[in-house]
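Listed next: structures, encoded as structure tokens.
Shared between the two complexes below is chain A, which pairs with chain B and chain C, respectively.
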Partner chain A sequence: MKKLVIMFLAVVMVVSIAGCTKKTNADDKIIIWTQASPDHPEGRMFADRVDAYNAAHPDKRQVEIQNFTRAGAGSGYIDKLNAAITSNEVPDIFTLDGPDVASYADSGVIGTLDGIIDSNFVNGFTDAMIEQGTVDGKLYALGYQDSGVAIMYNEDVIQELPQEVKLLIPSMDEDWTWEDFYKVTEAIQQLRTNPETKDKASIKNLELIVDFLTSDIPKGAYEIAMYYLTPLFWSNGGQVVADDGLTLDEVLNSPQNIEALVQFGKFFANDYAQAIEPEKAFHTGKAAMAVAGFWYISDLEKNYPSLKFRTVRYPKMDASYTGNFTPSGSWAFVRSNRLAMDNPKTKEVVDVMEWMTNDEASAEYYHANGAIPGRKQSISVIDTNTDNDYHNEAWSVLKYQVENTNKARPVSVGYPYLSETFARDIILKIAQNKVEDEETIKQYVKDTIDKLNLEFKKYKK
Partner chain B sequence: MKKTSKVKYRTDEVMTAYLFLLPALLLALIFIVVPIILAFIYGFTDYYLLKPDERTFIGLDNFIRMLSDDLLIQTFKNTVYFVVLVVPIQLGMALGLALIINKKFRGNTYYRVAYFAPAVLSLVVISILWSVLLNPSSGLINQLLSSLGLPKQPFLTSTSQAMPTLVLISAWSGCGYQMLIFLAGLKNIQPNLYEAAEIDGANTWQKFKHITIPGLRAVSMFLIITTTIQAFKLIVQPMVMTGGGPDYKTMTLLQYIYEYGFRHRNTGYVSAITLVFTIFLVVVSIVFKKVLKEE
Partner chain C sequence: MNTKLKRLLFYLLITLLSLLFILPLCWMILSSFKIDETIYKDLGTVYAFIPRFKDLTIRSYQELLNLYHIFKNMFNSLIYASITVVIGLIINSLAGYALAKFKFPFKNLILIFIIALMIVPIEATILPLYLVVNQLKLINTIYGLLLPFLTNVMNIFLFRQYFLAFPNELAEAAKIDGLGHFGLFFKIVFPVSRPIYVTIGIITFLASWNDFLWPVMALSNSDLMPIQVALNAIFSDRYNIFTSHIMAALTLVTIPIIIIYILFQKHIIEGAARSGIK
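Then we have the complex of A and B:
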């Protein structure tokens, strides 16, 4: 019996030690890590794509994909990745959210694709995709999809508005401004108190006017603030951070940005928007309008077929602005810098990255996940001639934005601290404290800059 | 003078005992001792998570930075505020429930299970459920308040209400476990003490004060220490329900350590904080033990 116990303990020890030392990066394979859940359409589409690669290239290194589901801000997956960096076990290829690329490039964890990848292939990506993957003039990341945000409104609610207000809402191929957007929400609020309209089903059901998804920010989706709202700055001639990715003074607190934040604050100060919205507020008719991501479309079609959702372009702050400004960007594939440029495996790794992001993959991802293709040639797969007019309108708007006005988020080594602090110390404070006065907002921005400057010291060494 | 006799063990018996201890010792070494040693080493460096090979010794810089880190100081205050509120509330609730359950009445088992149920639920699940219930516009709690003619409350978005809300939810979710321990303590009190007190004419309050409370002293001290240390380690509820907001009013020290260490990759700095926090918890435990000994 004693011997049995000793043997059992010895086996436990050996198994534990073996478990701790397991190597995942065998040289005869190419390992990919992604943030997608294996049973999510995104995870399945990657798995299918890898299977197709392995079948098409039996004589090359086989690709193995491993998924580590991400939580709100990418944690879970990012924690796993950071742990791999400290133990020098970074996989050959892995995914990163577009804005995170700069900090991983700066620290030498990921390698550039310049000099290995075919420039014609690179030129096939949309401008915003190239912009988000480029750090200091070098390309590091290949986005497997783009994204987009527009404004959606509930047609039943808008029908009740006076004609002069309805005219403020543009058609799908017209631009409009945040001021027009605000006037529409103001008019909808009046419908809620007007005796003639307040008891109508679509009005009675309203709990807020516009859904900004600010509830998701405290749950860890800090990127929402930067993703949804920096276009206010851009379309007013401002920026979040200077081109060096670190300078904030006279940039984040520019008069254009303060004006944009005051405009944003007006929605909350007047109770047209709420810091915590009901779940699926727009989908369930509790919000008349929404700053809506592309993923709304398939959800609304599948799960809320009775909602008459209309879509218009993302508004500008300054009507005369002509540059790119609409939200874009998504997760992308990067390669580990572990392999030297002249290592034959490096070329194979980049070939796999191309396979995972080429025109064919882009089109497949759209069909599997409703993801906006990040490649120019594949955007045409978006069908805007279906028998569903709401679908056609929404995709037409997003398609236009991807092709013409999408802009990548700031490239900064200070990510994600930059975006989290922006979300928490400016956007959430404005929303939760219902602030619209310029002085308070200036103070929020000043405090944020001080905090960020302190943190950014380490990058300026 | 008391004479102690030493039992002699055979060598193979000693070896077997050590082998039984080995797995636990190994785990403690890997997951407790080594991390503390590493935190001590890294605490004196500028370790940035993405550049593990470029860390340099910076002396006491991280410890000096802690003194002027307003957010760190605020998270420490938030944590202490939480502990000061939650320990008496949670233990009070646990004791109250234990006293109810200790009575013999119909459906006693049902209530015992019902009160204990939140203790076995995942804290993430509890936090998500309460987030829905506390939604300012459509949450059930505010619907109830409205139906009673009371104004809706912001709860988790209010700087003054968010932490007390977390305290109550934490107390509710954790008190079931302490209730069981109190219940075990109550069962250990001799019934004849109550009978004697009744014969002497003691009322309910007097019996509680002079028999129940002293009878639960050891159990109470154990629960105070464990609940306090547990409360200092609060992280799930604020992470899931408020993200540390509004205005960092619910961000706890552990959440700060996680965010600055992992998400913002300041490994060196948070190692220093972790070291100080560990020492702080050890001191708290020693103080409690000393008080307990004196009691």
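Then we have the complex of A and C:
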């Protein structure tokens, strides 16, 4: 028996020693980490792109990519990244979600690209992509894709509306307002009680009028609130947080924002929207309209072929507003600050970042994973001349928004907490409590500001 | 109330309770054989749980298996879980036996430490663990993945509780017959303690099978990825993966767990009752 134990311990020791491997983060290579799983189409497209770089540049440092899986908003991958930061083993290039760039820049983990990157190359990105990667006037991140949100409606339901209401719905190349959007939902609600329409299949099936995906918030997907709804503030001349990323007083509670939140609350107060919606409410005809992310399109096309979905632009709060405001943003490549600016490897690292995000890459990513290009020249790869009119319309709207009106989410070192608190303490409360009165909404916003100010104290220098 | 009526009510209650747990499983399996549109159309109706054969299809399985190597990931998980169970049972039971039956200095202090460690969640220790494994140059190796979880304070404590009830007289008799400590443990204690081994073995297997965070931290080689990491990759694929694919993936991943429960259910109940897990 003693022999058996000694043998077992010997095996464990040998196995442990054999497990030792060479350090991978060597200076003769450029290491990239991404949040896309190796088996995921996104992970495969990055790996293919790296292979193409290595083949095209045999005389330069070779690039090694390691793709990790993220869960939800990024846990798993972000834990791994933070562990690497603690152990001073940050990869040369890695990916971050757009809104998180500011906090990593503030802590000195990532380095600026200014002074290294070609300005003509930077100008090839859409405004939203540059805005997303810029902190305190310095560029840190290059987005490899953008995203978008539009308004979708069920054509079968809309056909039942009176002509004067139908006229409120714009064509795919016209702007419209939240007020008009609200009037349409109000008219759809009336169809549900109108004896002439209430028994028609498309109306009878309705459980709510508009789907805001607010039920994602209690599930922990807090970011949906900031992503979907800050355009209400922007298009009314408001902001979530001041340009310093930390000041909230007289910004988050500005009259423009309160007005926008009252408009949002009206949908819930009148039961046109629900805090907890049925799953896939719009897809299954249970909701007549939806504030719909770009991912709706492939789902609707592949799985709900009988649904006649039409798409119009994201509405403005103030019809006269001319700035950018539509939802945008996604993950982006950044470089580690470990390498000094004058280190020759730094230039090569930035060259690799350009390779991973250039026009050719953007087009490849669109074909591989349906990623919306974040570069002006590549947006045209989105095919809007297919034999599916619903597809063409949806992508035409999103193409327009990406090129012309997309705006990056707020830049703040305290963004994760800001986003979560905004979602839970303002948006979810308004939706769950069906609030539309100004005073209550003001109180929610005030409480939120107090809470955020306590947290933001630590960032104020 | 007569006995028959009592029994009827009892069976009615446990049938309802069983349905509460079984119906979601039925929904998941049935949904994996439907297209997305049908899944949501049937939601809230009896057809969410009862199959209509004309609606059933294996399309989601075909598409899922074309896109992801889910069986490879399941095989990896099976290997990792099996190694963790076998080596973990040996190490933890020996430690538990020592704490239950041996006299040595600071025994109670060690026991207090073990109990104290039970309340520390894995999330709190994951970063130091990564730093240690990284220092040992074991990141991206199977050893780095498995070694930290071979010992488990909870399992040591459960073994100790179980072995406390082992009769000292039996141990004395075995010693008189010439058995040493290891001989006594493996020839006498181990064979009569099967229920606790099965129970802890299953708990360990499930923990290893369901682990996501540590494999993501410890591995970057896609060929070595376990099933939970693959599942998260599948869930995040909004371009190709929809509800029916998710249900198909979950069904495949749940099958081994269900088989293990069915095979060992008698031992699980016995072990749980005798070690104080319940």
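In the analysis below, the second predicted complex is superposed on the first by the 439 of 461 C-alpha atoms of A that agree within 3 Å, B and C clash if a C-alpha of one lies under 4 Å from a C-alpha of the other, contacts with A are read in each partner's own complex, and residues count from 1 in each chain.
Note that contacts are C-beta pairs under 8 Å (C-beta built on N, C-alpha and C of every residue); 3 or more make two chains touch, one makes a residue touch a chain.
All values derive from a computational prediction rather than experimental measurement.
Asks: Please indicate which partner A:Q239 is in contact with in the superposed arrangement: first for chain B, second for chain C, both, or neither.
Replies: A:Q239 sits against neither chain B nor chain C.
Asks: With both complexes overlaid on chain A, does A:E279 touch chain B (first), chain C (second), both or neither?
Replies: both
Asks: Quick one: is A:S254 in contact with chain B, with chain C, with both, or with neither? Answer first, second, both or neither.
Replies: It touches nothing on chain B or chain C.
Asks: Would you sort A:S396 into first (chain B), second (chain C), both or neither based on which partner it touches?
Replies: neither
Asks: Just checking: does A:W295 make contact with chain B only, chain C only, both, or neither of them? Give me first, second, both or neither.
Replies: second
Asks: Return first, second, both or neither, reflecting whether A:Y304 touches chain B, chain C, both chains, or no partner chain.
Replies: Only chain C; A:Y304 stays clear of chain B.
Asks: Name the contact category of A:N369: first (chain B only), second (chain C only), both, or neither.
Replies: The second partner, chain C, only.
Asks: I'd like to know which partner A:Y77 touches here: chain B for first, chain C for second, both or neither.
Replies: In the superposition, A:Y77 touches chain C alone.
Asks: Output check: A:N67 vs chain B and chain C. Expected answer is one of first, second, both, neither. What do you get?
Replies: second
Asks: Between chain B and chain C, which residues of chain A are contacted by each of them?
Replies: The answer is residues 2, 5, 16, 75, 79, 82, 86, 278-279 of chain A.
Asks: Mind pulling up the chain C residues that touch chain A in the complex?
Replies: Checking each residue of chain C against chain A gives 35-37, 40-41, 43, 67-69, 90, 126-127, 130-131, 134, 136-144, 147, 180, 182-183, 186, 212-213, 216-217, 220, 222, 225, 229-230, 232-233, 235-240, 242-244.
Asks: Please output the residues of chain A touching chain C within their complex, sorted ascending.
Replies: 1-2, 4-5, 8, 15-16, 18-21, 23-24, 37-43, 66-71, 75-77, 79-80, 82-83, 86-87, 89, 278-280, 283-284, 295, 298-299, 302-304, 306, 369-370
Asks: Residue numbers of chain A touching chain B in their complex, please.
Replies: It comes out as residues 2, 5-6, 9, 12-13, 16, 73, 75, 78-79, 82, 85-86, 103-104, 106-109, 207-208, 217-220, 274-279, 286, 416-417, 420, 424, 428-429, 432-433, 451, 455, 458.
Asks: Residue numbers of chain B touching chain A in their complex, please.
Replies: Residues in contact with chain A: 12, 16, 19-20, 22-23, 26, 46, 48-52, 71, 132, 135-138, 154, 156-157, 239-248, 259, 262-266.
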